[in-house]
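For clarity, chains are labelled A, B, C and D in written order, and residue numbers in each chain start from 1.
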Amino acid sequence: MSLRYLTAGESHGPALVGILEGMPSGVPVEGDAIAHQLARRRHGHGRSPRMRFETDAYEILGGVRHGLTLGSPVAVVIRNAEWPKWREAMGVDAPDDPAAVAGTARGKPLTRPRPGHADLAGMQKYQFDDARNVLERASARETAMRVALATVARGLLDAVDVTVLSHVVRIGDVGVADGTVATPDDIGRIDDDPVRCVDRAASLRMQDAIDRARADRDTLGGVIEVLGHGVPPGLGSHVHWDRKLDTRLAAALMSIQAFKAVEIGDGVQLGAVRGSQAHDEIAPAEGNGAAVRRLTDRSGGIEGGMTTGAALRVRATMKPISSLTQPLRTVDTASGEEAVAITQRSDVCAVPRAGVVAEGVVAFELARALLDKTGGDSLDEVRRNLTEYLAHLPVTSVS
Amino acid sequence: MSLRYLTAGESHGPALVGILEGMPSGVPVEGDAIAHQLARRRHGHGRSPRMRFETDAYEILGGVRHGLTLGSPVAVVIRNAEWPKWREAMGVDAPDDPAAVAGTARGKPLTRPRPGHADLAGMQKYQFDDARNVLERASARETAMRVALATVARGLLDAVDVTVLSHVVRIGDVGVADGTVATPDDIGRIDDDPVRCVDRAASLRMQDAIDRARADRDTLGGVIEVLGHGVPPGLGSHVHWDRKLDTRLAAALMSIQAFKAVEIGDGVQLGAVRGSQAHDEIAPAEGNGAAVRRLTDRSGGIEGGMTTGAALRVRATMKPISSLTQPLRTVDTASGEEAVAITQRSDVCAVPRAGVVAEGVVAFELARALLDKTGGDSLDEVRRNLTEYLAHLPVTSVS
Amino acid sequence: MSLRYLTAGESHGPALVGILEGMPSGVPVEGDAIAHQLARRRHGHGRSPRMRFETDAYEILGGVRHGLTLGSPVAVVIRNAEWPKWREAMGVDAPDDPAAVAGTARGKPLTRPRPGHADLAGMQKYQFDDARNVLERASARETAMRVALATVARGLLDAVDVTVLSHVVRIGDVGVADGTVATPDDIGRIDDDPVRCVDRAASLRMQDAIDRARADRDTLGGVIEVLGHGVPPGLGSHVHWDRKLDTRLAAALMSIQAFKAVEIGDGVQLGAVRGSQAHDEIAPAEGNGAAVRRLTDRSGGIEGGMTTGAALRVRATMKPISSLTQPLRTVDTASGEEAVAITQRSDVCAVPRAGVVAEGVVAFELARALLDKTGGDSLDEVRRNLTEYLAHLPVTSVS
Amino acid sequence: MSLRYLTAGESHGPALVGILEGMPSGVPVEGDAIAHQLARRRHGHGRSPRMRFETDAYEILGGVRHGLTLGSPVAVVIRNAEWPKWREAMGVDAPDDPAAVAGTARGKPLTRPRPGHADLAGMQKYQFDDARNVLERASARETAMRVALATVARGLLDAVDVTVLSHVVRIGDVGVADGTVATPDDIGRIDDDPVRCVDRAASLRMQDAIDRARADRDTLGGVIEVLGHGVPPGLGSHVHWDRKLDTRLAAALMSIQAFKAVEIGDGVQLGAVRGSQAHDEIAPAEGNGAAVRRLTDRSGGIEGGMTTGAALRVRATMKPISSLTQPLRTVDTASGEEAVAITQRSDVCAVPRAGVVAEGVVAFELARALLDKTGGDSLDEVRRNLTEYLAHLPVTSVS
């Protein structure tokens, strides 16, 4: 039974709640690691004033004792600092006077669904006449919990020397230079950059693009690259469609709010080149007996649904935020009349921070695939099994 | 519990086997529907001589009686017409004289793993010194079974007037004209086209590109678009990451052999435009009281992880086939020496036929999401529940 | 995708946490329903002083707004009132001075595993030298969260007139009279009884047996019967082993801490009688055209893995509590020497309250099977689909 | 992702089909092991003439090469030797003349549902007016495939020295003597016994009971005990309800056709004794440093949802077969009139052969739990990981 998680909580509800089930025991959960990751997620040029309210005070309520996982489910709660303001509009209990609540600014039913958001389809599916009942859960606020839980999974990856990082490779029409590569050494620099871009020149142009979009009351999307270093070969499998690591990574990345494309390695570009230019040829690793190396990196480190031992590399595209301050046209579902979409406080561009979420879901999938490979119920056992596996490889891959 | 399936079988083994579990009763399984879909999958300019051997003789061995599903698991077996030739090399039982088998052309261990294929990572993961033990299962031959099982799921979709189709939008550097649209009316024309392309001019250039690649002993990939017409709003969900329909579609499409990218709607392009140009504005549907319509189709018919009622539209990129007749460089794992990769009979370009597979996995996911929505254990019950759901929508979407 | 849940939290940790995922929208969550169920679970002659500390202050942190479910995951947190006392011994963060913590009464490693508990196997599996790391999660305290989440599932059942109840049919060597039957009318009387027994004479003897066991510093187990009234026919399925409702009920009931047997209907007794005495014959329901009724109730309302429309009836056996005040023999894992098992505050007999947990897990499985049958994303839709299903039955069952 | 399987096929359909997914590579699949297990399942005093037709000719169609698993899904097909007789009544394709088929003995709709069988509930759930559409799949014939697939799982258990066996402990009112114990040494004797009973005197009385029941045109059920020897400690887990091994075993055993009760260890009896008599005290294993042993075996080798390292012991109760030659009362669903139930050829007592099925499902769950513990994708890796785990146990259990 694999690693799994559930999250709960509405954007303006009392809290986000998450449970991560299936971690081995003995994995370090550093005191401030979750806080650090949540702070990274709040980061970025283009963020909205709302982000300032997201202080993300969290508690670990289960599964960790004295800094180590217990093997039991890990539970995290992140309180909503704004909850007092929302207590009436989002209260759990039926209000004594529903009409009074519906008359308040926050409690008023939202009937002008935003194009590009879950609002309308959610109202249809769940039979709601108030879009708030949809958008509260559809909000990207939920990803804060995924980042928190992924931090625990990253603790396991750290312990076996797997590093996951991300950087922004495009915002709107501004992309990084061809051949731009990020490595674990760049992490500090990426996190310090206002748009989490490793290419300084591109970063300045991206910031400028964001500023212009803000001035025009518009929004921007972009593309993120997530990398995994130190990933052993043989995670995932070719034997069944739902065991392939690219299957799982595609699912995980596409599940992030507003993501519309996922690419493994060179992705879409691989559709335009010939086979002789599309694969990573194999050569002996010099001075290393039975080991082999790759002459290029086009596959993104995945062949046949399995990691090759080369760096993992995937890209994901985020569409521009659908809550514009210059709202889009819609229909008021209460009246059937033309209207402008409801406006929620929102970022101009959420791509930099979405990269942290993307890292998180990739880390979760790598931890899951690792545990599927090694089994083991304690960190020591996981480590032993991994070490033995690598020691018995018929061929060693050098990255 | 949702619709699910398992497939089994090696490329040169005795047969492919598949079980589809969770279908309601009473769904028509037309006598030649599976044969028809399997034939579509064998189609296409650029296919290899091997395809001629794939007569795909199949049997339904469970779950269907007198042309209708029984609600029980549906089992399909597709025999390998070439099995007599492979009986020794791929036999189930331990051979009396393993060395003799290893000395035959087909039984000889394969030790020159192909870049771009599962060969090397599979040998490492499963501890094999013969790549045949990997490539037999990693082969795209397995997708014949997915197409067969998906045909049963398509029977359900047909019964509720949902149509899934696909067409090729790029092969190598040749793409269709911007704005090319395919509709259910084009299905016959697409299937008659040698590369399953709806744009006749582009088709000719695609065929030419394939011919040139063949002449150069090279291979080509490309891009497929899959469309769903008649899809009701509200399939999938925004409430949890693994219930989102785009999550599932991304997984399903990326799981197809050699696929490296998945895009929902305008996909990667959405990362390059502003929010005001990225979403589908909503307007009253004229002359249709409570109904609404969309002014554009950029989202691919999915918002917030749910279908909107507009046509579903997704794209997937296939890399060029990794078995080249002019083989790539590799290492012989037995000797550690440089070598050229093993050569398997193979297509020059499998994109046209991969489109049929892509249709199949999308159809499966739509049937699954439909059943998650409607419940129901007989076709009548599914239909009733769907009709009632649509009759009670707070707002109707017109596509 | 079916209804599912995860729970987290250690017995003396800061809180229990639970997430229930897959509920439709619009299901009433009454203000005090969870409190009521949690109070029922604390009830019962034979409980320990610890129960007094279990005030079970809970919060719903997601998935419910204004008294109705939102379709999103429902999150519940139950705080541990004793947490301040345990903050050091069970703290999440690594202590500054581990040795100091290990020197405290609560922080001292537990090395004398209790026979009958998870202690020893858990230490082996997860590589612990402190049994506290196991017993904190293995404790039946976790079932408080299952009861809380099940209350939400019961809201759905209530809305379609399905009632789940339980009563104690044996404690130690005292059983109820043969033929004792409980109905929804008895719920108040059962809950008022100190051992939740519907047979007043047996109840007194059960209480006496508990008192005698306490005097002897011993413990008692027993048997619970759980009943479902108003359950429609056709929940579960015969088509695959893991869709059978009895499969799922057996799993759910056996998963409760200290449960060692599950029986459907007459259960073990059915192994001792002949076929002519083992089944429920079918007869026309008088004055009710197409309807049928059963002449007996031996099957427990499940045939072929499906509900028959008769009352559901299952029994489960709980072993005596393994924490005795007169402790059992064990080995000190630190020294390898003979020792007596660690003593935790504990009940003499937990059977009455375990019945409430058993109700909960049965309610969860019924809600899950109902949603698998009806589909539907709002209570209205679930109700409509159920009504239509029942209106179209080829034969109606009258219970 | 855990070991899993699907089965398909109707009792009188062309074949049974099964796929077992998740096996590591390199596990021996002995030429006649499946045949041997299928023959054991056909065994037993009390079987019907139908059994003679069950020659169970099977083929492995995937996942095995040269006597070893490939890590890919294992597919098995068991042909129905009687298929030619049933080709018309059970044909896959819609008949040209449905009325003609409905007029044949085998094709005639069955409208007198058998009490105790899935017939009636299945007709209601799936909206059928012919019980054949239900009973074909509900039949215990399906268990032949479970036995076949379980044989592959047993190959893995054999390779790590885990042995699963079963014996009959009750048929009707005849039970074995108290304290009867079966060990792996008894397997030959049990299989040679006409009712698979290790107690020779009881066996004779059981056979006599069966003969008397047959004479009375009645049927008998009974109780089976399944044992697991050599099971390492720590399979399963206490951390979540659905990871507990007893949860899974209860599900697996209850899922067998006609099973109505499952007991772990002393099961129901544990509800009647005091705690001081209910648990297995722990003592140092003499002459074995850090090892411990148990003084009794009441728990069945499972505590807290995990194996203890002692022998696994579970019991399951089968009700008498519901197809009596002296049929039970029912209603004709076509007419609404009183009727006698349809008669299918059937055993008088299926308990002996059901024991082989019970072994199979237990073996599957043990293999699954083992792989969850060890991970590993080849038998060598599984073995290494298990060996290392056992070498690092903080305390060793001696059984």
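The rule is short, and it goes like this: contacts are C-beta pairs under 8 Å (C-beta built on N, C-alpha and C of every residue); 3 or more make two chains touch, one makes a residue touch a chain.
Only a predicted model underlies this, so the values are computations on that prediction, with no experimental measurement involved.
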Going by the stated contact rule, which chains contact chain A and chain D alike? B, C
Of A-B and A-C, the pair with more C-beta contacts is A-B
Rounded to the nearest whole Å, what is the centre-to-centre distance of chain A and chain B, using the mean of the C-alpha atoms as each centre? 26
Would you kindly tell me how far, in whole Å, the mean C-alpha position of chain C lies from that of chain B? 44
Rounded to the nearest Å, the gap separating the Cα centres of chain A and chain C is 36
Scan chain D for residues touching two or more other chains and write them down. 6-7, 21, 71-73, 125-128, 137, 234, 237, 239-240, 242, 373, 377, 380-381, 392
Per the contact definition, I'd like the list of chain B residues that touch chain D in the complex. 4-10, 13-19, 21, 24-26, 29, 31, 59-68, 70-75, 77, 90-95, 98, 101, 125-128, 133, 136-137, 377-378, 380-381
Can you list the chain C residues touching chain B in their complex? 1-2, 21, 71-73, 234, 237, 239-240, 242-243, 371-377, 380-381, 384-385, 388-389, 392
Of all residues in chain A, those that touch chain B in their complex: 6-7, 113-129, 134, 137-138, 146, 170, 172-173, 213, 216, 218-223, 233-234, 237-242, 244, 246-256, 259-268, 270-276, 278-284, 289-290, 292, 294-295, 299-300, 303-309, 317-322, 324, 326, 328-331, 333, 336-338, 361, 373, 392-395, 397
